[in-house]
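Each of the next two complexes has chain A plus one more chain, namely chain B in the first and chain C in the second.
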Partner chain A sequence: MKSKNFLYSQKVAPYIFVLPFILSFAIFWIYPLITAFTMSFQDIGAIKSDWVGLANYTKLLKDKVFMIAVSNSAKYMFFTLVLLIPFPMLFAVLMDSNIVKAKGVWKAILYMPALTSVVISGTLFRLMFTEYKTGQMNLISQALGFGTYKWLKNGWSGMLALLVVACWRWTGVNMLYFLSGLKAIDTSLYEAADIDGASAIQKFRYVTLPLLKPTTVYVLTISVYAGLSMFLESYMLWAGNSSPNNIGLTIVGYLYKRGIEKNDMGYACAVGVVLLVVALIINFVQLILNGTFKKEED
Partner chain B sequence: MKRKLLSVLLSTAMTAALLTGCGGGAAQPAADAGDAAKEATETTEAVEEATEATEEVAEAADAVEEAAEEEIPTSTFGDPNGTHLEMWTFVELHGQHYGKMAEIWNEKNPDKAIEITCTTYPYGDMHTKLLTSLEAGTGAPDICDVEVGQFPNVVAGLDQWLIPLDDYCKDYMPTMVPARMETYQGEDGHYYGAPYHVGATAMFYNVAAMAEAMGISNDEVIKKIDSVVTWDDYVKLGEEYKAAIGDESKFWTSVDTGGTDWLWLAMAENGDDWTGGFEGPANCKLDSVKNMLTMQQDWLKSGLAMISPDGHVDLEAGFQNIMDKNIVSFPKALWYMSRFTNYMPEEKGNWYIAKCPVFKEGQKCSVGIGGTGTVVTAQSANTDLAAEFLCWAKMSDEGEQNIWDTLGFDVCNTAMWTQDSFAHDDNNQFNAFFINYPYDVLSSIGMDNIGKISVVAISPTINEYVCTTTLNEVLEDPDYSVDDALQELQDAVDMEQ
Partner chain C sequence: MNKQKDLSHSPKRILFTVLGTGFYALLCAIIAFPLLAGLLASFRPGTELIRRGLSIDLDFSTMTLNNYKYLFGGNVDSQKYFMWYKNSLIITLVSVVLTLFICYFVAYGLTMYNFPLQNVLFTLVIATMMVPFEILMLPMYKEIIALHLIDTYTGVIITGLCSASTIFFFRQYLGGLPKDLLSAARIDGANEYYISVKIILPLTKPAFASMGILCAMGAWNSILWPLLVLKGAEKFTLPIGLNTLLTPYGNNYDVLIAGSMFGILPIFVIFLLFQRYIIDGMTAGAVKG
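Right, the complex of A and B next:
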């Protein structure tokens, strides 16, 4: 009798439903997280590991290369947010309107890059951005009369190459997110706005934008993570993890360099913990500002 | 309050996904994070409104990403009733070498027949898996390829992880290139890895292009090349070529901003080693390195050399640069021969291989670069058989023949270098490709004249700083002080030791 009560209890049932997630979360996320945290205070050796206290962290503070990696990742994240939220939103609104013809074709074209392996596309972009005169970018710049340029050897053009890859790859995906958000907006709201005599811009500002906010917050959140954790694009563009003057080095690239290339897992874990803290701070601030934690008004 | 707690938990999940994604080989951290973020955010109210379309899109993307991940090629060779050996590599062709060798082995040793399963993993994954299984004490294969740059990590476990090969390779040792065997030595002096190749650095010259520019015959050009002994001679010949061709956009050679080959050569010639070996400490402020860099700066200023497009000659832009005859000479390890046959087949018959110039007559004139050492792990149930087979497959006449024919490497067993049927076999594609026989060059260099730069724990630090910073400083700006650049390098290295 008691056990039946227990199973039918409204208090317990939700926990049973979320149990599979909590279990996989604990085993695959929490456990490695704690292990990584403890390892960040150790010097991981081949046969045995020693406790080194805060040595990994103090070294990290003085590590110029790590600072370059952080700054690169932060810049990349910032620019991807600037480019990959407004433009896909604009495209989605266009796709949702009657202005654009053959929408299916456009959607497919914009989405196609997301289906390509980064390994393949990264290699193609590396060849396009080569400093040799036969690369696409140099062909264009020569046609415009500027001569050849060492795209992947200078800070700004290296970042440009990374952003081109990011936009090429993610515009379509983000656009589809916004498009699904738009589909969920009740058309009667637009009709009401029409009756009130609202212009197209006013309708976008007062109906579309506020109702699209949940989608925008979602896209923003995943873009922050995607931006900070970018690695493969840079690895492919520079055919390895080393770029001139580290212009393409990201935090995860540095983690890989330390953990895998130099087999210094303790230090790599310290890098990972710092990345975790940075990502958490940014997203908490962002989510608080967006009111995600506020109690719902109704 | 509960909602708040949930949000905190989920946000942590998303970020944790980041970390775990990286820890697992960092193959697709962005995708992992994206997935976790997707799950997490979906559970919150944020995208409650999102329609099924979003999910379908995300699922489709996941499915495609999974499909795009490379399949892991596994092949089993040999006698199914024989002793089973597991082998890991990161180059599929290497696995095929062992497959072929297993067939021959079984014919010769029916009493010790083996069956070998070779699995090819991506480079990073394979080394991570190997290190993890060695540390864990279980799960490692019997035989495993280890890239020379990763070797210090693996050999750190010495005989607790690996089987010393000393006893198994002693029959071959007298004729093996000593520098190559030493590359895979442990701190305790035992040999833990069996090499595929010498990777001897030699000078590649485009004789056809030089003859055309200088208006002389191929033979006369070769005579001139053969008379080059020192770097001064090399520069003189280069100036002669430049004067003859009279074209600002054509260069004698290209210098690398993304590779250390030139510097390794300079060190080996002067008997230096910036790593300091196992004892250390690393010292990068070497005269040999300084002289090489200063000389390269002079070449850049005088227009004798250009900077290798995209950093070094072993990339697509480098191949194109060579095919466009923008450069007509460069030093590279002999395994670069396969780049000619694979990427520049049009160049057949144009190129001549010669000894590298030296700073002073009588110095060593080559250095072994790159490589893969194959190890036998202590976890193997058949260490004896595995080690015996491995050394035979990589050092015996049969093994070396197959390495040369299928992999195109300059083999380490010098006994083969002078065998006519091996070194002068015109059916071999590399012998047929170049004007002279590659093994004649190797023999003329001699096994004792091939230097060695140690690959130890500090090596990745040095190589990385040189390729990202030092070379870009001094070569992209030929007026940059070499002393300053080397001091910066030393400071960066000191921080790690």
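Right, the complex of A and C next:
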């Protein structure tokens, strides 16, 4: 009876509620995270593992394939930020205005790519970027007078294909993020700006943009992570984890190749640690530049 | 009132409306194109896909239902396909139900009480969002092997049950409820667990709907983790199974394209039914930061 009262007390109950999180955090987050670090200093064998110090990291620095993967992931992240923040933001402003009719229909259609599994969308886009002359991309390029092109066999066009898939999947989602940010802006601010005789561009610059900042920072943060850790899109576009001359290889793709396909877990974990450090640094710098850590001034 | 009515019918105004709406119609046509083309292609022989890519000529005379007849035909491929479909349904259902309840209770504990570790724990919830899953993937894979959970549904589901974003969303929702409810129920003699299940939980139905749909989408389309954990073809989920049909020989493209289109169906139906909840749930983190 006493133990029952103990478990039912207001002091103990919260710990019971959060217990699943504590367990999951310990087993499926902190333990694997620490293991990722310790494994990166080891040569992981089937039976026994040896400590090799920084050997995995020094090998990484000289690994040309890894450098290709880093460069691909960095380019991909950069271009997704350029394409998937300003345009969805402008689309959201347009969607929020009263000159667009049938908004529900457009929002639903724009969201559909996000519902589609990467296996399916990757297959569809691989067929559209085929080197045969009946593929959509080649139809476009022929119509423009350029003839057919081997889209998935050349560096720049392979990156283009990845970016097209990214824009296709995330434009609608990011637009919805910005749209909900716009809905949170007090309309009286626009009325005040109207009274002051502000133009549409001035209203966007001095009211919308600053007040949309929390949303922008959020989208930026998730985009940095998504960009740097992209893997499946490339895996599906080239039907497996190998593209010609590694034009589609990403950091996570290399981690997968080393860890799962080549069973070199220690080296793969070093790749993972580099990815984590890069992602944290970029986001930290981004958050500082955006003043997220500063106290509210007002 | 009158003035506004006049404005909305001015020629300039109508022109802008046509341009604005036309822009979205065009954008949506581009976005919808790959899916529509895939749908059209599913009514053509699979061999044509390999030879010609996603052809979209609207020649109804050459369209057939053969791919779908084959897919539902009860043959070996069809049995395999529906086994994967069933596996995906089971995994999705179990993981959604467990994730929702676990995350609800964790968020409840973090929101409804004041206790010493509260802020530390919430910071840890946020911290788990800061590390991409892909970095933890290999150690977790080794862990799952050590726990003898490899090639089991438990192994697929268990690692994602405490989803930080779901806890975060429930916490925001619960934070908006009046705390008086708890003290009133306590005065009536209700115990802590009774209150959380019988009094507060019914109030959070919209949050359950939002998160349920988002979790279902995630689980149905999940690829990377099931790809590592599941080894036997009889345990594969639908995306993993479809992926195995992508052989260079392309002898399975009939099943692949029809199966892909039929595989999108459940999630599209759920989306169209519960669209409002999805957008609420998805954008919750973006506005309040």
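FYI, the second predicted complex is superposed on the first by the 270 of 298 C-alpha atoms of A that agree within 3 Å, B and C clash if a C-alpha of one lies under 4 Å from a C-alpha of the other, contacts with A are read in each partner's own complex, and residues count from 1 in each chain.
What we mean here is this: contacts are C-beta pairs under 8 Å (C-beta built on N, C-alpha and C of every residue); 3 or more make two chains touch, one makes a residue touch a chain.
In this text, all values refer to a predicted model and were calculated from it rather than measured experimentally.
After superposition on chain A, the partners chain B and chain C are seen to clash. Legend: residue contacts after superposition of the two complexes on their common chain; A:97 is shown touching chain C, with no touch to chain B. In the superposition on chain A, A:45 makes contact with chain B only, not with chain C. In the superposed model, A:124 makes contact with chain C only, not with chain B. By the touch criterion defined above, A:261 lies against chain B but remains apart from chain C after alignment on the C-alpha atoms of chain A. By the document's definition of touching, of the two partners only chain B reaches A:152; chain C does not.
When the two structures are aligned on the shared chain, A:244 is found in touch with chain B, with no touch to chain C.
Of the two partner chains, chain C is the only one that A:16 touches; chain B does not reach it.
Contacts of A:199 after superposition on the shared chain: neither chain B nor chain C is touched.
In the superposition on chain A, no contact is made by A:58 with either chain B or chain C.
Counting residues of chain A touched by each partner, chain B versus chain C, the larger count belongs to C. Clashing C-alpha atoms between chain B and chain C appear in just one of the listed stretches 236-244, 290-298 or 308-316, and that stretch is 308-316. Judged by the document's definition of touching, chain A residues 21, 25, 28-29, 32-33, 36, 111, 114-117, 119, 127, 130, 132, 134-135, 173, 176-177, 179-181, 183-184, 214-215, 217-218, 225, 228-229, 231-232, 239, 252, 255, 259-260, 272-273, 275-276, 279-280, 283 lie at the interface with chain B and also at the interface with chain C. Chain contact summary for the complex, chain A toward chain C: residues 8-11, 13-18, 20-22, 24-25, 27-29, 31-33, 35-36, 39, 91, 94-95, 97, 99-102, 104-121, 123-125, 127-128, 130, 132, 134-136, 168, 171-173, 176-177, 179-181, 183-184, 214-215, 217-219, 225, 228-229, 231-232, 236, 239-240, 252, 255, 259-260, 265, 268-269, 272-273, 275-276, 279-280, 283. Of all residues in chain A, those touching chain B in their complex are 21, 25, 28-30, 32-33, 36, 45-47, 59, 62-63, 111, 114-117, 119, 127, 130-132, 134-135, 152-153, 173, 176-177, 179-181, 183-184, 214-215, 217-218, 221-222, 225-226, 228-232, 239, 242-246, 252, 255-257, 259-263, 272-273, 275-276, 279-280, 283-284, 287, 292-293, 295-296. By the touch criterion stated above, chain B contacts chain A in their complex at residues 3-4, 7, 11-23, 25-30, 33-34, 36-39, 41, 44-51, 53-54, 57, 60-61, 64-65, 68, 124, 127-128, 131, 135, 149-150, 152-153, 156-157, 160-161, 257-258, 309-311, 315-317, 320-321, 457, 460-461, 464, 467-469, 472, 476, 495. Of all residues in chain C, those touching chain A in their complex are 13, 16-17, 19-21, 23-25, 27-28, 31-32, 34-35, 37-38, 41, 49, 51-56, 102, 105-106, 108-110, 112-113, 115, 117-118, 121, 124-125, 128, 130-143, 158-159, 161-162, 167, 191-193, 196, 217, 220-221, 223-224, 228, 238-239, 242-243, 246, 248, 256-257, 260, 263-264, 267-268, 271-272, 275, 278-279, 282-283, 285-289.
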